[in-house]
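Next up: the structures, one after another.
Each of the next two complexes has chain A plus one more chain, namely chain B in the first and chain C in the second.
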Partner chain A sequence: MFRFLKGRALGAGALIGSAVLALSACSGGGGGGAAEPAATFDPDEKVTLTMTFWGNDIRAGLYEEVIAAFNEEYPNITVNSSFLGFPEYWEKRQTEAAGGGLPDVMAMDMNYLRQYSQNGLLLDLEPYLGNIIDTEPLSEEIVGTGVVDGQTTGIPTSTNAWGMYTNPKLLEQVGVEDFQGGDWEDYQDWMKEVTDAAAAAGVQLWGGTDYTGRIQSFEIQQRANGQDLFTEDGEPNFTEEDLAEYWESGSEMREGITVPQQRLEEVYPLSGFDTAIAASELTWDNFGSGYLGNLGAEYTELGLVEPPVTEEGAKDLYLKASMLHSISAETEHPEAAATLVNFLINSPRSGEIFGSNRGIPASETALEAAELDPISQQIADYEASIEDRLGEAPPVPVVGYGTLEEKFRQIGQELGFGTITVDEAVDQFFNEMDVVLNQ
Partner chain B sequence: MTTTTDTPRSEIAGPLTLGARGGRRRVKRKTVQTIIWAVVLTAFCLLVLYPLAWLLFASFKPNSEFGSNPGLLPNAPTIDNYFKVAEGIAGVPLWRFFANSLLLAGAAVVGTLFSSALAAYAFARVRFKGAGILFAAMIGTLLLPFHVVIIPQYILFNRLDLVDTFWPLILPRFLATEAFFVFLIVQFIRNIPRDMDEAARIDGAGHGRIFLSIILPLIKPALITSAIFAFIWTWNDFLGPLLYLTSPENYPLPIALRLYNDQTSGSDYGATVAASFIALVPILLFFIVFQRFLVSGVATQGLKG
Partner chain C sequence: MSTTTTTAVADAGAGRPSPRRSADSNRPGLRARTVRESVTGYTFLIPWLIGFFGLTLGPMIYSLYLSFTRYNLFSDPRWTGLDNYVRMFTEDPQFMQSAQITLIYVLVGTPIKLAAALGVAMLLNYRDRGSAFFRSAFYAPSLIGASVSVAIVWRAMFANDGPVDNGLSLFGINLGGWVGNVALVLPMMILLAVWQFGAPMVIFLAGLKQVPKELYEAAEMDGAGAFRRFRAVTIPMLSPVIFFNLLLELIGAFQVFASAYIISNGSGGPAGMTNFITVYLYKRGFADVQMGYAAAMAWVLLIVVAIIAAILFRTQRSWVHYAGDSR
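Presenting the complex of A and B:
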């Protein structure tokens, strides 16, 4: 039998020993200052950079092309690129963040920007702005989205805005006109009209999906009252009553107006809009080409309209950086890395090659060179058309915002199933927020 | 097992019931029972295999059919997904991912067998100072969740400059770090009578000779079991390669599969499903070929040698 049981005390000691060994190595990491920055990059120095981004094989092909174009101009900089899907990408980055070895240039998401910046993992780009990194084609608000605690640690590649997609083909089938704008109640009435018309026609179609399951719709309603979700210091800026009222406002439409939660689970990971069972959906405007791809060849165009209005004249919408590029604080070649970042964001060649793959290019020079397909042109036009409603972007999201966003979505699902009441939902969310913000 | 216990009972029951007729009825009833069992088990089997069948059929669905057609059969069957997959991803051909997976799994099998058998022999047969503590420490690593060691291990390999090579995934296998296999083989060796070692010792054999000529041939079932598990686990491993391999040309299949899927820039479900099926085939074949060894290997674990 287990002979080691005789020396039980020793055994226990050894067990604890292996645990302590493993845990003690967890601390440390981060920090590390960069060399004195130079305003330009020495064109003769031979340099190898590592670079990483998230996306699928199509985007990877585009990056390869852009890097080839970059090497025509800078043959002395070798770029080794790699890519992964979004969740795996962050799993790997989190390990590198703790263990060292972040790539020189990386794609950054708004939800992680604060955490990485505050841990000193990202290079402050301030010394390169205006020289190596051209800020002329980028608007002040856009550069401002990458600023954490006074340091610019990320430059947005592209922007998107909250919007509402509608499916004209489905609407035609049931004989309802596209949403003509209005407040949230008007939108709910319109959805009811579509759902009723579809039921009368015997079509499996609903007016839309429950928008109260998304934190962004809550955010723009709060912004309409002049309040971001979180303050500059990362404190929550809404009350339990605000949230209860928001979820309560969706209780009627969850009862048979929007797509039932069970149907949504069946088609997951696609959404109701992807699968032509919802005639409208509120989401980020860059979802357009994904929607068209998932809907299939029968659907060639989509409607993209403003989200319902909470307060007439309020500046509730904003442009969000869909992807940023950041440089590791530990890079040995900050000038070369900055040169690459500038090329990926500002160069006409990158605009031409990427088009709208990463979202609508944030840089004017890239945008001018980009040949946009119809849906991307529609998105670009949409972002131009909502200018009156565009306000200043909210502060960089709190650390753990991604977790909260996901929790919000899960609670939305539970509300859809009717397994929890609005009060319980509010409780759950505030508890989660307490854990996330105070950890 | 069931037959050996059932036969005597029917032999006893036979004469007690009314002669030959009763016996025949019993046999009849037995056949009926067997048929019912076969039907029930087949039904269960189909139920369990349904996802696999769905995967196979779904790999012929065009991309736009995912979501709109959750059923088994594709509305408009197409073989395009396989052509797309054969092209590879981001300039890396599909065979490259296969080769990487095979290399990793092959090295894992060789490394695990080599190092675990040696370590197990030492624990089971060699008396050395601290054997008890070391054995407990090894069992202790079984209790350590993998997630606890991820970061320290990563730091280690990063400092050694081995990230983005296969070494971080292969080297530990040659160092007997999989306590599960060591423990499995230790238990197996302990069941082999010591008399055999002693006889060899009288003939002048040292530890090396005893290990090679006596123990190694006797622990074959345990080695086969370990090999099968090591192969399957490594073939399916996702997190290890994800953390240590950076260049797409080094990715094994499980990572390559995920590259077709990205919620932020659109997903190619058709290609994902087709690639998943292709990735499944080798392990399915491996399992079909080796499963009888697997069963016999596991079964012998319980027997005294």
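Presenting the complex of A and C:
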């Protein structure tokens, strides 16, 4: 009965079968996209806009509320919104960008802004600034972060800055004072103190996580010496020696001061900080409410302090747009889309509804209307307190910066596991950068 | 992905014209009718042919072209010759790790899965009573196995303080969560694959039913024990089925994607231990938009699978016995 299995038929079948995977591996994703009626904008005419953002169902509920408020004012503009988690969101946008059919209004990330702008996928908002899109409540620097090659292609909804969270409850438990500021070495010493005290008390706690696994800490160290990671022209502005020195500086703390990599893998996708095994962590300041939520009800407050100082008086920190809104270059209703963008960013209603969900509102009118919970207020105060250290934002990240950031993080993990040396790590990173920059 | 494969295998078999026709066409009076018949036959094949050329062969050739280029989806592909392939084997430790764990997954997981399938099939073949129920019960996991929900359940089961962790600690084994453990996550993935042994099991069962009872009786009379009967009767009689299952499962295992993607939250972690080739090339293609590089990886994967299939076909002569064969 199994004669039919013999010979060429099955051979061909097997080959085709395996061939299909070569293909199907390259398809997937895709589909969907914008489908709007062909019409020119007229305030009285019914218009349908598509809109996308990344986030979870909590944020989706907020967007729904804001859109309902928008429709009270503009009943003729129907907004069809959809959302996905961050990585999937970009996988879907990438295929849409390649095939045409980006949504009319979309949430944009700094890491993708340059790529989308330079490929002509985003509408230049210049004609709408100051009329449909109110720029009065937005600072010049804020509007400036959405400018690529002289074109304004994104408006920030909110901002964040690099900061350092500490956990006062855990510190009290092991009897160590909160970090009092200082340089990177002071910070390492402080972490060692915490780890040692925890070990003596028999508590599963470490002073922090290895900050050299994050490109942002490298960035602010470089900026302290007056250098952004990349130049205006997208050329790397640091050498292999700089990077080696940076990773080398973490070698001591990886040996028993910071949380072991194995433990971090176990708690992934959470971090050591929000699983209460690290007493401090350097990260974006808008992570605060997420951290509090993950830590659970026993934890009611967090410390938020400046990152360690590299160079006294240097302007190493900067305000980054945590999200922007952009409009597709192919939209058939640019005025309606701009009206929606303005409402999502500037309207008091949006500030009221979003609060700090997307970061601290970039627009003053939105910020004034926002009722900030204690942690959001703390973040807003923090961003005000670091004003002396805030410098000009770096150029819009190079195309593929997201890939580099991820590679950096992954190399940090391997350094944590001890599976590669610092020299190999530097090699790998520069190889990756070479590919990405010549993509 | 796996569905596409099996269909393609079946279609390729069905698509072959009947050999009877060539004999008929030698008779002159029948030629016109034969031509008409072929036209009709091919007309019925058109939907499949369109699918094959438009959706399989065309994109495949394009993907082969892309594998020699740099292509970021936004600008036109740029010819770079063998750069992608060179990079893969000399400059990308992530690829090497990915290839390694994929091979381990395939080469360890598949035999275990087939052994489990054969073992259960033999148990079911032993007694008839209630076998329909058990057959369905054992087959059920492979029906739902590839789905998203099972991967999510699996992740929860093997998490720190999950049912598996707690169950093992009853016996004094404290492994903690498997999901985040670099050493245990691959065994966990293999277990998930093994658990879905239903499809090969059903095929084994059908094969076992075909083995003539007389052979066992004769062997028993010659004084062969249970193991000897298994080795000398069951295995050879079943070898075509084993071959078929082995081929299908190997190809299927190379394509593992959904479970790994979901269990690792799309990261391929911890430390790249679930970053199977398909997951890695998906990330390179769609997250990093290095489509050319992803296409090159897909082709390397295809070639490796083809080589393994070719080796299997080569060795088939020495261990696969077809009924009625004089060999």
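Miscellaneous remarks
Everything that follows uses one rule, which is that the second predicted complex is superposed on the first by the 397 of 439 C-alpha atoms of A that agree within 3 Å, B and C clash if a C-alpha of one lies under 4 Å from a C-alpha of the other, contacts with A are read in each partner's own complex, and residues count from 1 in each chain.
Everything that follows uses one rule, which is that contacts are C-beta pairs under 8 Å (C-beta built on N, C-alpha and C of every residue); 3 or more make two chains touch, one makes a residue touch a chain.
This is a predicted model, so every value here is computed, not measured.
With both structures placed on the common chain, the touch criterion links A:Asn56 to chain B but leaves chain C unconnected. Shared-chain residue A:Tyr74: touches no atom of chain B or chain C.
Contacts of A:Phe238 after superposition: neither chain B nor chain C is touched. In the overlay built on the shared chain, the residue A:Gln115 is in contact with chain C alone; chain B does not reach it.
Once the two complexes are laid over each other on the shared chain, residue contacts for A:Thr275 go to chain B alone; chain C is not touched.
Touch criterion met: A:Glu265 reaches chain C, while chain B stays clear of it.
After overlaying the two complexes on the shared chain, residue contacts for A:Phe430 are found with neither chain B nor chain C. By the touch criterion stated above, A:Thr95 is placed in contact with chain B and with chain C alike.
Across the two superposed structures, the residue set of chain A contacted by chain B and also by chain C is 3-4, 6, 10-15, 17-19, 22-23, 25-26, 28-29, 88, 91, 95, 98, 266-267, 269. Those residues of chain A lying in contact with chain C across their complex are 1-6, 9-29, 87-88, 90-91, 94-95, 97-98, 115, 119, 121, 261-262, 265-269, 399-400, 402-403, 406, 410, 413-414, 417, 419-420, 428, 431, 435-436, 438-439.
Taken together, the chain B residues at the contact with chain A in this complex read 62-68, 70, 89-91, 132-137, 139-141, 143-144, 148-152, 154-155, 158-159, 163, 239, 242-243, 246-248, 255, 258-268. Note for the complex: chain A touches chain B at residues 3-4, 6-7, 10-15, 17-19, 22-23, 25-26, 28-29, 50, 52, 54-61, 64, 80, 82-86, 88, 91-92, 95-96, 98-101, 103, 266-267, 269-270, 274-276, 289-290, 293-297, 357-358.
Listing the residues of chain C that touch chain A in their complex gives 1, 4-6, 8-13, 16, 55-56, 59-60, 63, 66, 70, 72-75, 87, 91-94, 160, 176-177, 179-182, 207, 210, 240-241, 243-244, 247, 251, 254-255, 265-267, 269-272, 278, 281-282, 285-291, 293-295, 298-299, 301-302, 305-306, 309, 313, 322-324.
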